[in-house]
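The following pair of complexes shares a single chain, chain A, combined with chain B in the former and chain C in the latter.
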Partner chain A sequence: MEKFVYIALFAPFVGALFAGLFFARSPKTHLVGIVNSSLIAVAFVSAVTLALHVAEHGAVHVQMMTWIAVGDLNIPFGFLVDEVSVTMMLVVTLVSTIVHIYSTGYMNHDKGYNRFFSYLSAFVFSMMILVMSDNFAGLFIGWEGVGVCSWLLIGFWYHKEDKTFEENPSISPSWAANEAFIMNRIADLGMLVGIFLIYWNVGSLQYDVVFKALPHLADGLLVAIAMALFIGAMGKSAQFPLHTWLTDAMEGPTPVSALIHAATMVTAGVFLVIRANPLFSLDAVHGVSMFIASLGAFVAFYAASMALSARDIKRIVALSTLSQLGYMFAAAGLGAYWIALFHLAAHAFFKALLFLGAGNVMHAMDDELDIFKMGGMKKVMRGSYIYMGIASFALAGLPIMAGFYSKDAIIETAFNDGSFIIWGILVITAGMTAFYSFRQVFFTFHGEERYKALGFHPHDMYKYVLVAMAPLAVLAISFGWFMDNFHEFITKNLPDYEMSHETHHLAPYLGTIVIVLALIGICIAYIKYAGKGDKAWKRNEKKENSFIYKLVANQYYVPKFYDEFIVQPYTVASDKFWEMDKAIVDGTVDFIAKVIYVSGDVSRGMQNGNLSSYLNWMGVGALLLVLGAGISAFIG
Partner chain B sequence: MEIGISHYLILSGILFSIGFVGVLRRKNLLMLFFATEIMLNAVNVAFAAIGNYYGDLSGQMFAFFIIAVAASEVAVGLGLLILLHKRYGSLDLEVISSMKG
Partner chain C sequence: MTHILSILIFFPALAGVLGFVVDKRSAKAYGIAVASVEFVLSLWLWVGFDNVNAGMQFTEFSPIISQFGISYNLGVDGISLFIVIMATLITLLGIISLRDDTPNMKNMIISLLFLEMTMVGVFVALDAIIFYLFWELSLVPMLYIIGAWGGPTRVYAAVKFFLYTFAGSLIMLVGLLAMAYLYHLDNGVWTFNILDWYQLHLTTDQQFWLFLAFFAGFAIKVPMFPFHTWLPHAHGQAPTIGSVILAAVLLKMGTYGFVRFSLPILPDASVYFTPFMMVLSIIMVVFTAMVAFAQKDMKQVIAYSSVSHMGVIMLGVFAMNAEGLGGSVFLMLSHGIVSGALFMLVGVIYERTGTKIMSEFGGLAAVMPVYATVFGVMLMASVGLPLTIGFVGEFLVLLGFYKVSVIGTIIAGSTIIIGSVYMLALFKKSFFGPVTHKKNLSLKDLDGRELTALLPLVAIVVWLGIYPKPVLDPIDNSVKALLVQMEEHAELQTTKDAIIISKKEAE
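So, the complex of A and B:
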């Protein structure tokens, strides 16, 4: 089985090197797209093989080689393929394969085609390291690796000009990339502190050793470690207050948004909490877990409220991702780790599908993102319409769909736990989710054909791309049907979450509430946005100028707040420090250089080419030497 | 008055100083050669005198070596001087200053 571990891990790496080393400067080559997609597909097949093996024989633990061995510090390059990591591997490689194939169509006309595939495969490799590592150091390497790849890919169109905040809230791709990277660095510092604390007090970073030693540590220390690790997770999974980068990351190409900022990388934070479940389920850190759950519920609602009024098709999807991440954290914080992982996988499938569908729309509309300019496109884009419809049904959590099972389980968990506030927020958010996802669908595909007046000629994506998206659609519908199998498989490794008998009989009613709310949301969206002719949607200036609408549309002024109270003061301070730096540090260095320069300039006069004066200087030197020798002899 | 070691050393010092000043002040290369010869021989005198004073022959042996070295140096040096004179028509140091920095 060892070889499958290595194939799954290194096939994407080979792809990245192949595209990066040999084709980085050459013009677009379809070979790169084909080879890279096949390599990721190979990784997917290996992951499937591993999953079957793990289901039958248990975890595979391999140690590739020693990595750091200094004194007592011993960190090997080890990989652990157990039920949790193999689930992540399956999700990552499956979505990656489809996104790679999709990209061969989506990036067809882009100059940076080869470069794009090199980055994308490198991302998959980093993500595989992140999920497969058997120690925190390897996890951190993968963690930083996906951060770098995310930076490269958000800023993929780095040549675009900066715009004002009013014109484009994410200013420019390179600005957005830097924002994402810097925000993640802030969070990574927290994570690093957590890893240091673990090493200091346990003396190892191997998961099994650490988790065995945790119960013997002091309570305060455990809380500190849990907090520090969760700060890292907050950055990567874009939880409040480090969430602004995720919507701005939509500046990247859409396949990137689908793969990195919906399905895989942003779920790394949830994965970390699930991975470290022996830590987070300790009694001592119960407070931290409650905080995680509350923050998750808050973010779920907060992001959903912003999505209600967003106009940018990609931002809506990004905000819904944020909201769903909140659901996952709520589940993980309440101790239902396996439900969080289940929602993570289900979400990866339907959200990637939704993003790729949005990408099709964008592609058809010449990169126009404003849904106010679309409408009635179901005639010209039937395939994408069906896919986005399926994905939205799954996101809204309607019965049969994947999202229904996973989201319902989370909401039931909250009720069962007695956290009725969290439960209430999550239920209301579920209704809002249905509303905004169908608002987007109706705006884009139903109603008046507003795009015609603006001179767009949309056409659907290549056939083969639409076919390649089919597996995601199938999973978005059917993944939930395997909940029991998944439960049986995953609880070998993760703690089971028992619904108590007192509340379990209420589950059908609770589910009904959610479904009814979701249906109401969809109906409102339909009435408001899907009408034609007289009933067609019209812009309501009065409403758009109301306080709440403005508050929500401006993302609660959080980006503005950051800009005004963090970025600008920091810029001013930097300017001042730069001046100080110039005066003191640079001044000292410049002074030394100047002294040497001037003395050289002066003593250059000695070199006049006249042997006689040379001899004079030599004589003087010799005399000085004799004098010095005499004095030193005299003194001592 | 008996002539002792100090007289020889004083003579040697005076000769050396004359040569030294000559090296510093003279502008003609030939004269510079003379001046260095004077300095060398001043050292020879000192060597021989000190060797005799201590009853050690190595001082005089050094003097011989220096005479031999000085002779060969003069042979080479005078050859070069002739070449220089052919090229510049003069041995004045002001004229043959080609190594300007």
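So, the complex of A and C:
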């Protein structure tokens, strides 16, 4: 089985090198797209093989070689394929394969086609390291690796200029890439501190050793470790207040958004909490876990509220991702790790589908993102319409769809835990989710054909691309049906979460509330946005100028706040420090040099070649010496 | 192999003397040949190096002035071995990267070869007088390189560099003489042998003053805040090759001095001064990183970032555990490789456009993709990305220093944030966005000469990032031996407690 571990891990790496080393400077060639897609598919097949093996024989653990060994520290390149990591591997490689195939169509006309595949495969490799590592340092390699790939891919169209937006002072792919990288770095510092804490108190960074040692550690220490690690998770998973980078990251190509900023990388934080469940489920860190759950619920609502009025098709999807990440954290924080993982997987499928569908729309509309300019496109883009419809049904959590099972389980968990505030928020958010998802669908595909007046000629994506997206659609519908199998498989590794009898009894009613709310949301969206002719949607300038609307449209002024109270003060302080460095620090040095120079200049007057003046100075000198000797004799 | 260290020191010097009679046009080829031989010799040193032996190897000893215990005494251990190899490598690549139309090429080559002698000499000297000789001699070729090939205010910069560091080293010399004198008082004989000094028991009071004397010499060289201001001037005026060697090797003399002299000879004072050093280092890390962000000139960004990273190295030196100190020695190497490469890269664009101001660039990634890629790799190494050389040292230093001070580590750890702020800002300003200046559209990408100089560095960045073991093992051995020596030698119990050689043994 070791063989498959290495194949799954290194096949994407080979792809990245293949595209990067041999084809980076050559003109676009479909060879790269085909080879890289196939290599990712190979990784997927290996992951499936491993999953079957793990289900039957348990985890596979390989150690490749030593990475860093100094003092007592010993970090190997070790890879652990157990129930948790193999689930992630399956999700990552499956979505990656589809996104790779999709990209051969989507990036077809791009100059940087080969470069794109190099980055994309490198990302998959980093992500595999992240999920497969058997220690925290290895996780950190993947953690930073996906960060860099995300930086490269968000900034893929680096040649674009900074533009001024309403909610952002200036934005461009390269700006967004830097923002994402730096914001993640802030969180990474927290993660590093967590790693240091673990090392100095446990003496190892291997998961098994650390988790075994946890019960022996002091409570305060455990809380500190949990907090530090969660700060790391907050960055990658874009939790408040480190969330602004995610919506800006939509500057990258859409396949990137689908793969990195919806299905895989942003769920790394959730994965970390699930992976470290022995830590987060300890009684001592219950407070931290509750904080995670509460923050998750807050973010779920917060992001959904911004999605209600967003106009940018990709930002809507990004905000819904943020909101769903909140759901996952809520589940993980409440101790339902397997449900969080289940929702993570389900979400990866339907959200990738939704994003790729949005990508088709963008592609058809010449990269236009404003849904106000679309409408009635279902005629010309039937395939994408169906896909986006399925994905939105799944996201809204309607029965038989994947999201129904996974999201409902999370809401039930909150109820079961007695956290009724979290439950309430999640239920309301579910209604909002249905509304904004279908608002987007109706705006794009129903109603008046607003795009016609603007001179667009949309056409649907290549057929083979639409076919390649089919597995995602199938999974978006059916993934939930396998909930029991998944439960049986995953609880060998993750703690089970049992609902109480009461909850079980109430579950159908609770589910009904959510469904009814979702249906209401969809109906409102339909009435408002899907009408034609007289009933067609019209812009309401007055409403758009209202305070609430502006507040939400500007992302609650958080980006503005960051710009004004962090970025600009930092810039000003840097300039001031530079001034200080020149004027004070260097000034002092120059002053000393000047004093010496001037004193030399002045005392040069003594050397005037006049014998009598020399004698005078000699007398003065002798007098001073005698005086000095006298004083020292007196004191001494 | 018995005299390999002497050969390593004097071969470039001898070749430098012979260089006076070499034909002008073949001067560069001659320089490459000599530097290659020297580099291969240093690799041979590594081949013959016994990884298990933590002590001094390839030692050479012959008395010079026996009355005063001054002797010709050389040796390498795991700490100095790789710095020597790095010095010869950077010299070789630096010479390769020289433009063929450099004015007075012959003088340049001769200066570089003399400089190489002094650099190797400093790191292998085990006698304080020999150490001091090479230490001071290294100023002369560098002074000449800045003064003769530098920018408009080169004389000011060169003199400042010379006088400032010279003033510091004079105070250090007083410290060295005092050491010999104290040894004489104790044992009745004079010696300048550093290893003998390790055995000397000094009172905490003596250690205090000696530490300050050494500090003056080393801290200015590092350069530690607030003694760093000569460096931006020197880098600003120095030609590319000068900056490369200055940043990669000469600065390491300061940190190496702390490791070789201050720690083992003055263990109590070193522990006593740790908070003081921590504060200075943290100011270095944060303050200069912010100053780097404010720069308009690409080379100045790299110059200040260099100071900022040296601050991380200094933290590691005073971590008093194998993780931190080992990481710090490794970081000296990685900083040498990465900053050397970055200065070369700045040189590339300066040679093409005649400017280093970032607003004159913009969109270079589209015009010079290979250049942008190499720059990107070095950028990632500079911000400490895992699996590049930059991560290993930085991670170990921060990990090690965590044991000393949690708050200090968190503040210094912000280097991973603010370090990426100025580097990414630099990259965005220079390489991203549309090509704003028409004249930049016709820029040529890296040519064969530049690639020959840069690709080996890229290879090392990746190799030692993924597999640092061959380098880390000898470093780890020698660092542990040094810590054991410190602990045994310390006068105070608090000092012994502060030094952690192995947690497992302590438990």
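Quick notes on this one:
Everything that follows uses one rule, which is that the second predicted complex is superposed on the first by the 574 of 636 C-alpha atoms of A that agree within 3 Å, B and C clash if a C-alpha of one lies under 4 Å from a C-alpha of the other, contacts with A are read in each partner's own complex, and residues count from 1 in each chain.
Here, contacts are C-beta pairs under 8 Å (C-beta built on N, C-alpha and C of every residue); 3 or more make two chains touch, one makes a residue touch a chain.
Everything quoted here is computed from the prediction, not taken from an experiment.
By the touch criterion stated above, A:Met65 is placed in contact with chain C alone, chain B being left untouched. With both structures placed on the common chain, the touch criterion links A:Val193 to chain C but leaves chain B unconnected. When both complexes are overlaid on chain A, the residue A:Asn608 reaches chain B alone and has no touch with chain C. Between chain B and chain C, it is C that contacts the larger number of residues in chain A. Legend: residue contacts after superposition of the two complexes on their common chain; A:Gly619 is shown touching chain B, with no touch to chain C. Of the two partner chains, neither chain B nor chain C is touched by A:His53. In the overlay built on the shared chain, the residue A:Lys373 is in contact with neither chain B nor chain C. In the superposition on the C-alpha atoms of chain A, no part of chain A is touched by chain B in one complex and by chain C in the other. Interface of chain A with chain C (complex): residues 24-25, 65-73, 137, 140-141, 144-145, 148, 155, 158-162, 172, 174-175, 178, 181-182, 185-186, 188-189, 192-193, 195-197, 199-200, 203, 570-571, 573-575, 577-578, 581-582, 585-586, 588-589, 593.
By the touch rule above, chain A contacts chain B in their complex via residues 604, 606-612, 615-616, 619.
Note for the complex: chain C touches chain A at residues 160, 163-164, 225-226, 228-230, 287-288, 290-291, 293-295, 321-323, 326-327, 330, 363, 365-366, 369-370, 373, 380, 383, 385-387, 391-392, 395-396, 398-400, 402-403, 409-410, 413-414, 416-417, 420-421, 424-425, 428, 431-435, 466-469, 472-473, 475-476, 479-480, 501-504. Taken together, the chain B residues at the contact with chain A in this complex read 20, 23-24, 26-27, 29, 32, 93-94, 96-101.
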